[in-house]
Structures are given as structure tokens and as C-alpha cells.
Amino acid sequence: MDWFYIKGILILSGINLMAVLGLSLLTGFTGLFSFGHAGFMAIGAYTAATMGIKLGLPLIPSLLIGGLISGVISLFIGKLTLNLKGDYFCIATLGFGEAIRLILDNVQYFGGARGWPGIPLKIDLWNVAIINVVGILILINLINSRHGRNMIAVREEELAAKTIGIDTFKHKMISLFISAVYAGIAGGMVGYYTGFLQPKMFSMNKSTELTIIVIFGGIGSISGSVLGTLLLTALPEILRAFALWRLVAYGAAVIFIMISRPEGLMGGKEITLKGFIRLLNIRKRSGKAAEG
Amino acid sequence: MLELKNVTKTFGGLTAVEKVDFIVRKDSISGLIGPNGAGKTTIFNLITGIYKVTGGEIIFKGIPIQNLEPHRIAGMGITRTFQNIRLFKKLSVYDNILTACHRNAGYNLMESVLRLGRYKKEERNLRQDTEDLMEIMGLSKWRDHTAHSLPYGLQRRLEIARALAVKPELLLLDEPAAGMNPDETLQLMNLIREIRDRFKCTIFIIEHHMDLVMGICENIMVLNFGRKLIEGPPEMVQRDPQVIEAYLGEGAKLGA
Amino acid sequence: MIQFLQQMINGLSIGSVYALMAVGYSLVYSIMNFSNFAHGGIIMLGAYFGFFFLTLFNWPFAVAFLGAAICAAALAVLVERVAYKPLRMRNAPFLYFIISAMGASMFIENFVIATIGPTFKTYPAVFSREPFRLGPLFIGRLDTMMFVISAICLAALIYFIDFTKMGKAIQATAFNPRASALMGINTDLIVITVFAIGGFLAGIAGVLFGMKYTVYPQIGFITIKSFIAAVFGGLGSLPGAVIGSVILGILETLISGYFSSQFRDLISFSLLIIILVFRPIGLMGKSTEEKA
């Protein structure tokens, strides 16, 4: 396995990670399920590509505008659907995601269903890494603020959250907005990495894949999402030789996780520097105790 | 402080609460009793805005609140506990309380994402408030335990602590002594009195334990089939034949 | 006018098969309160069973048809045992069921791709392509069969639900699972029955769709139409599912007939979002105030 190949996997992981982080905030921390995040990615992807190609903007502003437009659209969607209960919100987002894809299929300006080639290749390992680090830092800060805690309260017990004065609707909106911005940026990176966009890339399967990664990594854990993304993006690539069977195994693995370890890899816990040091100390101490 | 005027709530064709009038005086401890299904919890749900009233008015500090969103009502100073405890189950005791302290900080989203400005100072205050409240409520020892791993009595206590974190002026307790033994009930009575004095809040309790209700409430409303049967101080309620009949059937004696 | 009537008839025939899928989905929803996303996989398997029974074993149509439905029912129950029962036993939140369902769906689809292959398979001509003539109208034999078979199945289902002891037990469980269990209704048996019925109807729908279009691993995607129909009619309501399906089927044929088939799906999904926004309980659903 050469460096070129590994680099490719890392970049792909990085792009996926950005979308997963956003969904992690929505699903993992706020408890809302979306089957339409591929739709937000698509909006970001097509907007960012337009900004770059038609308006000549550089990469980062293009991506940011892509994310922002996706976020603004999420506000409309949220306003309409966030009052719906569990399953209904899921199905509404599913409808949204598919509608976006079908609309793009019919917009000839962007190449329609045949796709849009010739997008400049501007994504490399460095800018992917930087974008993700910034994305992770922002998310960590958010989670550890009153806004983040309010979102977690919505996930844990919505009614109780309301009675302690949390505006649950507003916090769901914030969560959806931020997660759509992340998805939009991820979508933008897809275009600038592959040089080609096609509505098919943002089908329901993509949304499903993102949700599965969040669950696999563990609800309510950012490090879980990172780990989950790396594993689930890299594994299928490494297993390409068994291409036919890898998705079968993937499906079986998802069921297995749900019935045996539904808390996912990290189970709501985080890998932190402090935790790591504490772990080392315990090792040392128990070592000494054994000596004594 | 809180006034219910002619409050009515129907679900479809079913009338759960019918034309109830009641006044909760400032700094008092008031009680709400009645047989199961009398509509007690419905009244709490109406006060906290979880249900919208079908008719009548609910007035808090001179302002009608009957059609406000629950979080606005909480913001005005009314909060509650639930009959079937609703804690943030997977969070620690500390995080449960810390989350509820959110109203005492004013930093905005930008400030939290960038950790700027008011964030650090206010966050430090929140954490201090949380530690203080845990100390007062005797929960410090359980700081890092997850809420659902606590014994039942402590879960009730934590739910009250979480409500107090909102700094309420009116605290509604829905069957706080449910499932407690007489000893724990006695402790709870003292705790409720202490809360009233220490946090300067008015308290309104739904409870089935007559010892508790009769022991600490100054004014009691009895509800039966959604209507107010009678209202008055414990001695009066205890002796009222209507109440005794509604509760225990004829020939029985309350509190005996 | 003639064309309009022609479209209505075609729409009715498609809509009736949507109804077969939608009632199975809705039945499971009414008992388990989650969207069974693996329903599409069962439909696809039904279509393949029917195909192989007809081509490999040369069974007569009626036998192959019934065999496919029975096999689909058995597999639906199997999926429940493996992917949902462990979650049920633990009272897991509904989102775990959804994820597990997605895992099952992914497993089934890719298992078929890996073993049978991704290619399209065409059913042998069971019915002659020669349509019936009714005055100026042409009515396809297959379309007629689709309608007749669906109608018979739905009538049988309604009889079963309304007039048998088991059917009443299902209704009771849908209304209040805890109370029904306390009254001595065996919830586990109810769940098995519901999945068996859903699977049986899905198998029939699969064979009918296989004959109408072709068989391929992604044919299960068509169930998304039944989700829309079920939401349209009111999730969990059987008459709602049937009415929603028929309306959706007619609407779709009219749109493809008068505008373009490209807009057909787009309009279906937009319809979904509009219903969710303006009448989330659907046509026949009951509105409920959350109990505190």
C-alpha cells in the first residue's frame, strides 16, 4: 500500500468526517434523526462549485458560502418540520434529501443527471486536515457551553428541558443549522476533490451512511465520530478486494452493533488528553502496587 | 402570586379539569390532593404550559400565562418536578444541575464557539452555582454518578435540585414523596420547608402522603373528577365529610 | 377524457399495489412505532422468489406466487427475530430500531447483489400482453390482475383485522401495548403475526412489481412510495394507508401522463413534505397531545 493510496483514503475520511461531525451534533447530541443530510451536502457542493467556477472565488470562501447557503435552507426546513415528532421528522428529511437530488437531476445548468465535470482539484490533505481541526474545535467548544448542554437536554428529556426554561425549538434549529453548514462544507469538498459532481452522489444511501457512522462511533461522542469515520471509510476501501461482500458485512455489522453494543464504539465518552494521562497514572500506580 | 380563574381543560369530549379557581399565596406552601385521575397533574401541566387551557385564565404575578410556551413560563419563574421522574438520565448529577443553571448566563452562540468575552467568567459562575446547589441538597457525594444509577429517593432529590437551579419563584412538586418510606418522607418534609425559607420560593405540592400534606401545607385544595371539592387549611380539609367520602368512601377517617 | 380515464385506471392499478406495501408498513408501525426500512428488502426478495419459482422450477403461476409470498413472510419474521427482537426486549429507543432496519435493508440488498448479481431480470410473460378492450379504453391484463389480486388481499386483511380474535388482539396492542399485555395478549405472537402479514403482502407486491417492471436488487426502493402513502393517509392507520396509496398512484400516473415522468418522484416527495407540514397526522390519523 503506497502513500498515494493512503493519502486518498485520509482525504476521503476527512471529507466524510466533516459531514459526520455535523450530523453528530444533530443526532448524537440533540437526538434528532436526519435522512436528508446528503441533500445539505448537495446544496453545499453545487453552491461551492458555482462560487469557484462561475464567480472565480478561492477555495475557502467558496466552501464557506456553500456551507452557509446549506445552513440557510436548513432554517426553512427546520422551521417547517422541527415541530414534528421523531419518525415524522425523519421521513420529512428523507423527502427533503430526495427532492433536492431530483431537482438537481433536472437543472441542466449544472449538467443535470449526467453530472458536472471539470471542477478544479483544489483539495489536498493539508486543507482537509485544517478544515477538520477547526470543525472539531468549534464543535467541542459548542458542546461545552450552555448552548450545547441545552441541546443535550433536548435529547435526554425534551419535556423536562422545556420546564427548566430551555427554548427547545430554538436549540433544535441551531443544531440543525450548524449541522447543515458542516454538511454543506463537506459537500463542497467532494466537488473540489473529485473534480466532478453528480446528483446521484448525494442519494439517500449517502445520508444513511452518515447516520450509520455516527451511531457506530457512539451517540454523543465527538471522538467516537472521528474514530468511526476513519474506520468505516478506510475499511471498505481496504476491503475493495471483497467488494461484493463488504456491504453485506457492513449491514450485518450495523445490526450487530445495535443489538449488542448500541452505545457505539465510545458510548458517549470522549478520548481526552486528561483521560489519557489518568489512564497512564493508574497503570503506573498499579504497577508500583504490584512491586510493593 | 398565582391565580387560577375558572380554568377548564377538555381532551376531545372528556373534561379533565372543570372551572377550577385557586390562589397560591406568596411564600406559602399549598397542597393539591384528590383521588387518582382527579386531574391534579393536568393542573400542573396547565400551569407550566405543557397543555393549553380550554377556558379560563392562569395569572402569575399579574400576568396571564395560560397560552405561553413552557420555556417562557419557566423563564418567568415557575418550574416543576414530574410524577414519573424526568431527569437527564444519562448525564451525571453535576451535569443535570449545570444544564438547568443555563438561565444565569447570557453569553451568546459566537462567544461559546470561540470561548470569548463573557464565556469564561459566566461559565465559572455557573459551575460554582452548581457546586453550591449540590452541597445544599446533599448531592455532592454523588457528583459524577449518572442520574439513572441513583437510588429512587436521590433521583427525586436531584430533580428538585435541578428545578431550584432555575431559581424559581414558584416551585411545583408532583408527588415528591411517591415511593418513599415514612422516614424518608419526614426528611423530605424538612427539606421542603428548608427550600422555602432558603430559596424564598413559593411551593405548590401534589401528594398522596397525607402526613406530608397535612404537616406542611398552609392551604389545601381538594380535587375530585376535575372539580374543586373544597379548599382550606389542613384541619378543615381533614374534617370535611365530602373529602373523606371522596377519598376513602363513607365511614372512614382521614389521617388515621 | 378517454386519456384521463385511461390514466385513472392505470393509476388505480399501481396504487393498489402501493397499498399492499403500505398496509404492511403501517401495520408494523402501529404495533412497534417505528418505520421499518427493511420492508423494501422483503419486497425485493419476494420478487426474486417469484422469478426463480417461475423460471428455474417452472412452477405454475399460482403456486409460484403463493410460494413467493410465504417465503417473504418467513424472511420478514426472520428479520424481526434477528434485528428487532433483541431491541424490543431491552425497550430500546425507536432510533435503534430504525438503524437496525437500515442495516437489515443494506444486508439484504447487497447479499442479493453478491449472490444473484446486480443485473435486471425479466419475468416470463405470464399474462398475454393483449389488453382487454372496454369501449375505447385499453386495460392491460397485468394491470387488471394487479388490481384484482391487491383488492382480494386487502379485503382478506380487513376481514382478518376486524373479525378474527387475532385481528382484534392486534388492534388492542396497537392501541395500548402495556394494557393488552396485561390482559393476557401475547405481544411476541402479535409482533410475529404482524411481520408475517406484512411480509406476505410485501412478497405479493414484489411479484406484481417484478412482472410489471423487472427484477433488480434496488427494486425495494419503491417502498419509499408506500412510506409517502402511509404518511399521507396517517401513519399507523390501515384505511389511511390504502386511500393514501390509491391517491398517490393516480396522482403519479396523471403527472407522468400529462407532464413528464421525470417530475413524478419530485412531486411525490414534495407532496410528502407538504402533508407533513400542513397535516402531519395525515388524512385519517388521530391527533394526540403529549402526555406528561
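Chains: A, B and C, in written order; residue numbering restarts at 1 for each.
Convention: a residue touches a chain if its C-beta (ideal position, glycine included) is under 8 Å from a C-beta of that chain, and two chains touch if they have at least 3 such contacts.
Quick caveat, the model's predicted, so the values are computed rather than measured.
When each chain is reduced to the average of its Cα atoms, C sits farthest from subunit B. Chain pair with the larger contact count among A-B and A-C is A-C, by C-beta pairs in contact. Put simply, the C-alpha centre of subunit B and that of subunit C have 47 angstrom between them. Rounded to whole angstrom, the centroid-to-centroid distance between subunit A and subunit B, based on C-alpha atoms, equals 39 Å.
Inter-chain centre distance (subunit A to subunit C, centres taken as mean C-alpha positions): 31 Å.
Residues of subunit B in contact with two or more other chains: 50, 82. Each of the following residues of subunit A touches two or more other chains: 159. Each of the following residues of subunit C touches two or more other chains: 290, 292. Across the interface of their complex, subunit A is touched by residues 29, 33-35, 82-83, 86-87, 92, 94-96, 98-100, 102-111, 113-114, 224, 227-228, 231, 235, 262-263, 265-266, 269-270, 272-273, 276-277, 280, 290, 292 of subunit C. By the touch criterion given at the top, residues 27, 31, 33, 80-81, 84, 86-88, 90-92, 94-96, 98-99, 102-103, 105-106, 159, 208, 211-212, 215, 244-245, 247-248, 250-255, 257-260, 262 of subunit A touch subunit C in their complex. Residue ranges on subunit B touching subunit A, taken from their complex, read 48-50, 69-71, 74-75, 79-80, 82, 86-91, 95, 98-100, 102-103, 105, 107, 109, 112-115, 119, 123, 126, 162-163, 165-166. Note for the complex: subunit A touches subunit B at residues 138, 141-142, 145-150, 152-153, 156-157, 159-160, 162-168, 174, 220, 268.
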